[in-house]
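To keep things simple, chains are lettered A, B, C and D as they appear, and every chain counts its residues starting from 1.
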Amino acid sequence: MQPILKLENISKAFPGVKALDHVEFELFPGEVHALLGENGAGKSTLIKIMTGIYQPDSGQILLDGHPIKIGNSAQAQGYGIAAIYQEPLVFPDLNVAENIFIGHRVKGAFVDWRKMYREADDILARLGVSLDARSQARGLTLAQQQTVEIAKALSLNARVLIMDEPTASLSAHEVEQLFNLTRVLRERGVAILFISHRMDEIFEIADRVTVFRDGQQISSKPIAEITRDGVIQDMVGRKLESFFARNEHEQGELMLSVRNLGKRGIFSDINFDIHRGEVLGFAGLVGAGRTDVGLALFGVEPADSGEIILKGSQQQIRSPEQAQALGIAYVTEDRRQLGLTLPMSIAANISLPSLRKYLSAVGIIRRKAEQATAENYRQRLSIRTPSIWQEAGKLSGGNQQKVVLSKWLNTEPQLLILDEPTRGIDVGAKAEVHHIIDQLAGQGMGIMLISSDLPEVLAMSDRILVMREGQQMGIFNREEATQEVVINAAMGQSRSDVKV
Amino acid sequence: MYRIRHYIRPEQIREFSLIFIIMLAVLFFGTQIDGYYSARTFNRIAASVAIITVLAAGQTLVILTRNIDLSIGSIVGFASYFAGQQLSANQDMHPLIAVGIAIGFGALLGSVNGLLVVYGRVPSIIVTLGTLAIYRGVLVDYAQAKTITTDMMPTWLVDLPRVNLFTVGEIEIRVMVGVAVLVVIAFQLCLTYLLLGRRLYAIGSNPDAARVAGLPARRIVLLAYILCGALAGLGGFMFLVRFGTITVSAGVGLELSAVAAAVVGGVNIFGGAGTMFGALFGAVVIGTLEQSLLRMPNVSEFVRDALLGLFILLAVASDAVILQQLRSLWARWAREARETPAAHSEKESGHAS
Amino acid sequence: MKKSFLILIILTVMSLSLVSAQDEAVVATPGETVNMILLPKFLGIAVFDQAHQGAEEAHAELQNAGTLEFLGPTQENSAAGQVEIVTTAASRDDVDAIMISNNAGDQLGPALEAAKAADQTVVTWDSPIPSGDSEDLFVAQVDFDQTGKVMADMALSILGEDGGKFAVLSASPDAANQNAWIASLQETLEDEAYASLELLDIVYGDDVTETSYDQALALVDKYPDMELIMAPTTVGIAAAAKAMQDEGLCETVKVSGLGLPAEMLDFTLNGCAPEFALWSFVDLGYVTYYATYLLATGAIEAEEGVSFEAGRMGVYTIEKDPTREVGLRIVMGPFSVYNIDNVEAAANPGGAEMTPEATEEG
Amino acid sequence: MPPSFKWDSLKRWETLLAVVLAVVVIFNISQSSVFLRVDNLVNLFMLHIEKIIVVLIMTLIIINGEIDLSVASVMGLGACVVANLYERGVSMEAAILVGLGVGALCGIINGFWVAYVRLPSLAVTLAGLIAYHGIAEMLVEDRSIGNFPDWFNQLGQKALIGPLPLSLVIFFILFIIFAAVLHFSAFGRYVFVIGNNREAARYSGVRVRQVKMMLYIMSGVIASLAGILFAARLGAVRASTAEGFELDIITVVLLGGVSIFGGKGTLAGVGLSIMLVLCLRNGMNLLSITGNTQSTVIGVLLIFSVLIPNLTQDFQGFWNRRRMIAK
């Protein structure tokens, strides 16, 4: 069989970096081809070359055996190459149907709204999703936005679909829906390039796996011929010991008690305790209200009923400053938008919440002390960067996450709320973050771990609280919490057909 | 209720909130000014907001793409002067050619802005702050302190402000008002039914996504500037028609009035949201306040501006409060819809086919 | 140059005393070097250009070997711009005299003080320094006290002997000359002869066409029995006349005030503004130039009772300015009152000179 | 500060400004013997001293991601309040205090709507621009208020330290304070962080609303102070005092390399931009270039200061590609 798209001997260099080094890559119709590699391995560059955002320095691209040149996104679309990203690129002010059709180069200058809605409904129906073509994109969940992007690709009759970490922000249920869509497309003969950091997903959906490291292709094999450990070894170039590290710790005294916590229309009747050295996992679907509980404890969106008892005294937490003063830290799920100030230096990001510690008598920031702190965390959490004065935005996802962790650890919190701490970071970094969590718990910190990565929650938590639609479905001990138990609780009883 | 949510956005309802604010203002002034509820009040306000409406429409096009045009005051001045000069040199010129000259001249100046923004990659506020001064400076040199006066103009032009398109009872729809309303309707239709119009929203809504979607963003932004300049040129022609006497300071400060009308009309200053009708209502809100305050007895000349500023702030604030309420209502509906997925999908399949 | 100046001053002071003894007007000696700056309220406006034209005429007549610079701020930045130009001029060595139409009220005072401290002659024209402190002489276009009478007379002439109600549409609230004229108008109205006139309101159009136009219509709506709008500003009168014409109100509400014949031609011919007045800005520039030249060369001193001859405009005598507490002035005069009989002659390009001879004298 | 990419690009901007400034200064020296005289150099600052004092706080506000269009009206209002009170027989000292207080009040009003109600600052301060000017008109009406006490006028006009008048001393002190606050203090760090990303700042425990409120209050007080200094320099106050200054002020800030979208800019760049505009204007005045020609030159400079680096970059890119193809 002839590949739809074939990349031959592609090289691309940036000042100081060889992003792709004589790479070969093939996509066949009706296959899901997983591309793996740590951040910086060259995956993004390859995608950008395939979608016309970058031009290769050398090598050629063949479509159906004919060499082509992809000058820009519009040309890529013209060749039937479409891409969806981890953060979907939707137009929030337009509605679903418009988002699907906006990039089409249709004949005529007019918008036929009736026809557009009809065709949008049609495509959505073909995908088997219930989404109103008329609703505005602003209110959609991430998963719905991704569905819109897939519909867009389908409407373009895309023959090649690039999916760049599409599952990173999705809950298990939504991932399953996405995979169903993916299978539909595969049946239609679409070639799918699939990128994910979650091994389970690769084994569930991929037909073929290619691994990149440092801009070079390391291996490319059918799924049947590979093992999890083998792939990881290819990616990181060394053997990685235990994937989820969690050592047993003594649990200390009670630190936080939450009683009947509620926020009108968001969540209600939340009750739990966290002890020193305990990791309490929060599982559930995206949108179940887990993040909202975290935000309430951190004072960003204060709760309006119930009690928060911190080390024996009841607290009304009204603002992040106040939460911080009480020894609470919150590592947000949206590290690029909310966790970091991307154009500022790593050092400035780390010192931000605790800036008062660095002021001299006249109120000037003591750079030396700031620098010392940043260097300290750079070593402790092995943040890989040429300099702590580098812009945070230039770091890879995993290193960014470590900067976010540093900035909050530096406030010396007693309760650490982690919201999707390993989303979108590569396996190596993920293992490091897990190691850090384990260490912190070992030092007696109470940790609230919100994660949609089920294996992660199961492995890292001492107990697991499951939420569904703003309700607490139960708290399970480490021993009794299995995937089935947690999923059943997260879905409600009726969703037993879902497999993960 | 879900249905309403799907068909109408809070931003669309907000335009009704502006009508509500206008009505409040009218009710208030009605108690203050004798004979306020009359066709004359309508005629006066309509005639006074015609020019600013056209300018606000052009400004809206640019703001939708996440840019701004601060130079239109100078474009208005230059276009009206230039058109007046051509007309005085050539009295027999066909009216449409005269309008065309003004519009073309405005479009030319607008395209300079657009080229600098799009291909020079200079932030729009910097470009248009610069051309605001440059266009005016060139006009002053060009005009050599000569004034365009009414006696230089052909009679049809001098008489034009008096001409009614049609009248309903005592309500007169002047040609100028008609032109303004026509511009608003035409551009609203373009924004709704032209692919180009939707792309204007798309670019302002998410520039990155627009690039990835392969939209010709640069050409569209350039076009927005050219259209904004063209509308400023048309505004300049209307300025010439209405005031007759054109000095080099014609149109000074109109850029801020146009931005104010657009912003009060709910056009998002960060792009992607807003309508022509919003801009129209914004102009009408400000025009109503201004004209009514002028006619209010016992309000000293010196208190007027203070009140005007206060009222504009109140209008913007109440509008924001109303919009916030609407948005949270919509969000609640959306949440309820999600929390009852079964009911939700039933309702959706209702109009999915 | 300074030394020769000194000798010159001594000589002229001597001759001056001789002359004044004979009570004769000082005549300027052509060919001296005086570097002068003519500073209008702002650039780009016809009337100031006409004043420049008159100054150029005098400059050529007097064969001044120095320069005549026409500098001005933009309209948006008029007050601060005038301060800036005067201050910079004061620090320049090559400026001997500044002729300014003040648009900054008393705010120009310190800057002009600095210019005077640098031995520069300061003459105001068109609009004086209200406090009168920091100028040598004010060249008034007309007698400010007369302006009120001229406006009241025009009102009577338009409204007939029965009089009627009228309103004033002025420039910006802090324009010194307009305010003086309005004060004089109000004073004049106290007189028995004008008892039939009633001043309803004073509003401000800021010398912006749009605002003036709206204000004029608002006056009509506010005062249904108003019969006349008196606008002592060229921008205001043209805008008000156009507004009345556009709304078909020319039969019921007339417009008058101070206007440029070229701008008012149509409105006078069609009866919207049957009568208005102005002086010649060309002459104003011309006279100002002569006065400044004479002062700067030391031919005359800025003192009460000093007479001088200003070329074709004849003899002027410096007097105390009765409209201000402090300050000296000469009054150029007279008003030219324009109506349907003479407006065309004044407005056509050949009549750009607008010499008083060509028009009826007020 | 240790190197980073952004810092480099800013440095390039500042280098560009410095080069242009040097050219202008050399040109001025060659064209006018007056330029380098001390009194002219003092004048050079004094003629725009009120604007450049406000430029300092405007820099912080724009870096913070907001704008304050009402500054010129607050300047006028501050001056009018002082003049009005003085006219009514209040002592000058008390009048000045009240004037500054009124400035603070204007700032609180702006800040309330922007920081707490989250209305767009453009709309709020546009309304403020009209309203505060309106209040100034109510206070002064059609008058011109002058005859202030001698000490007050002298503060604005006479040298205080060496050849430097009070307002120039205030400017230099404020410049140093603002540079220190913006680049070396916690508050300045917060200003940048909020300007980059308001939400990220909030999630980091930064008191976003308080910082914004503080900035607007500072803006009000400093604008009012500048207005009062303006009154002292001119010796008289009118309702239109300082009208229209806002665009000049914003122009200088933007020319200094401050991003209108917030989060980026240095006070060094703004300082250079101030010097550049002042020298350019002074040089043109000395050469008798006034009026619209002057503003045209500034307008061209504003556009070209961004355009030329961009075009150079494009040209370099084009050149590199050509070379690569040739290879």
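Simple rule for what comes next: contacts are C-beta pairs under 8 Å (C-beta built on N, C-alpha and C of every residue); 3 or more make two chains touch, one makes a residue touch a chain.
Remember, predicted model here, so these are calculated numbers, not experimental data.
A.B. asks: Count how many hops through touching chains it takes, at the least, to reach chain C starting from chain B.
C.D. replies: 1
A.B. asks: Using the contact definition stated above, find the chains touching both chain C and chain D.
C.D. replies: B
A.B. asks: With contacts counted as C-beta pairs, which pair of chains has the highest total?
C.D. replies: Per-pair contact counts point to B-D as the maximum.
A.B. asks: Using mean C-alpha positions as chain centres, tell me how far chain A is from chain B in Å, no decimals.
C.D. replies: Each chain reduced to its C-alpha mean, chain A and chain B end up 42 Å apart.
A.B. asks: What is the distance, in whole Å, between the centres of chain A and chain C, each centre taken as the mean of its C-alpha atoms?
C.D. replies: 75
A.B. asks: Can you work out the whole-Å distance between the CA centroids of chain B and chain D?
C.D. replies: Going by mean C-alpha positions, chain B sits 30 Å from chain D.
A.B. asks: Please list all residues of chain A that touch 2 or more other chains.
C.D. replies: none
A.B. asks: Indicate the residues of chain D shared as contacts by at least two other chains.
C.D. replies: In chain D, residues 137, 141-142, 239, 291-292, 295 touch at least two other chains, as defined above.
A.B. asks: Would you please write down the residue numbers of chain B that are in contact with two or more other chains?
C.D. replies: In chain B, residues 136, 140, 301-302 touch at least two other chains, as defined above.
A.B. asks: Just spell out which pairs of chains touch, all of them.
C.D. replies: Applying the touch criterion to every chain pair yields A-B, A-D, B-C, B-D, C-D.
A.B. asks: Hey, which residues of chain A end up touching chain D in the complex?
C.D. replies: 57, 300, 319-321, 323-324, 330, 332, 337-345, 348, 352-353, 355-356, 358-359, 363-365, 367, 387, 389-391, 394, 407
A.B. asks: Within the complex, which stretch of chain C touches chain D?
C.D. replies: Checking each residue of chain C against chain D gives 42-44, 69, 71-74, 76-77, 79-81, 83-85, 87-88, 91-93, 104-111, 130-131, 172-174, 176, 179, 204.
A.B. asks: Could you pull out which chain D residues touch chain B in their complex?
C.D. replies: 113, 117-120, 122-124, 126-135, 137-138, 141-142, 239, 247, 250-251, 254, 259-261, 291-293, 295-296, 298-300, 302-303, 306-307, 310-311
A.B. asks: Which residues of chain C touch chain B in the complex?
C.D. replies: 42-46, 48-49, 74-76, 173, 202-204, 208-210, 213-215, 217-218, 221-222, 235, 238-239, 242, 245-248, 260, 262-263, 265-267, 347
A.B. asks: Going by the contact rule at the top, pick out the chain D residues touching chain A in the complex.
C.D. replies: On the chain D side, the touching residues are 1-6, 180, 184-187, 189-190, 192-193, 196-197, 199-207, 263-264, 324.
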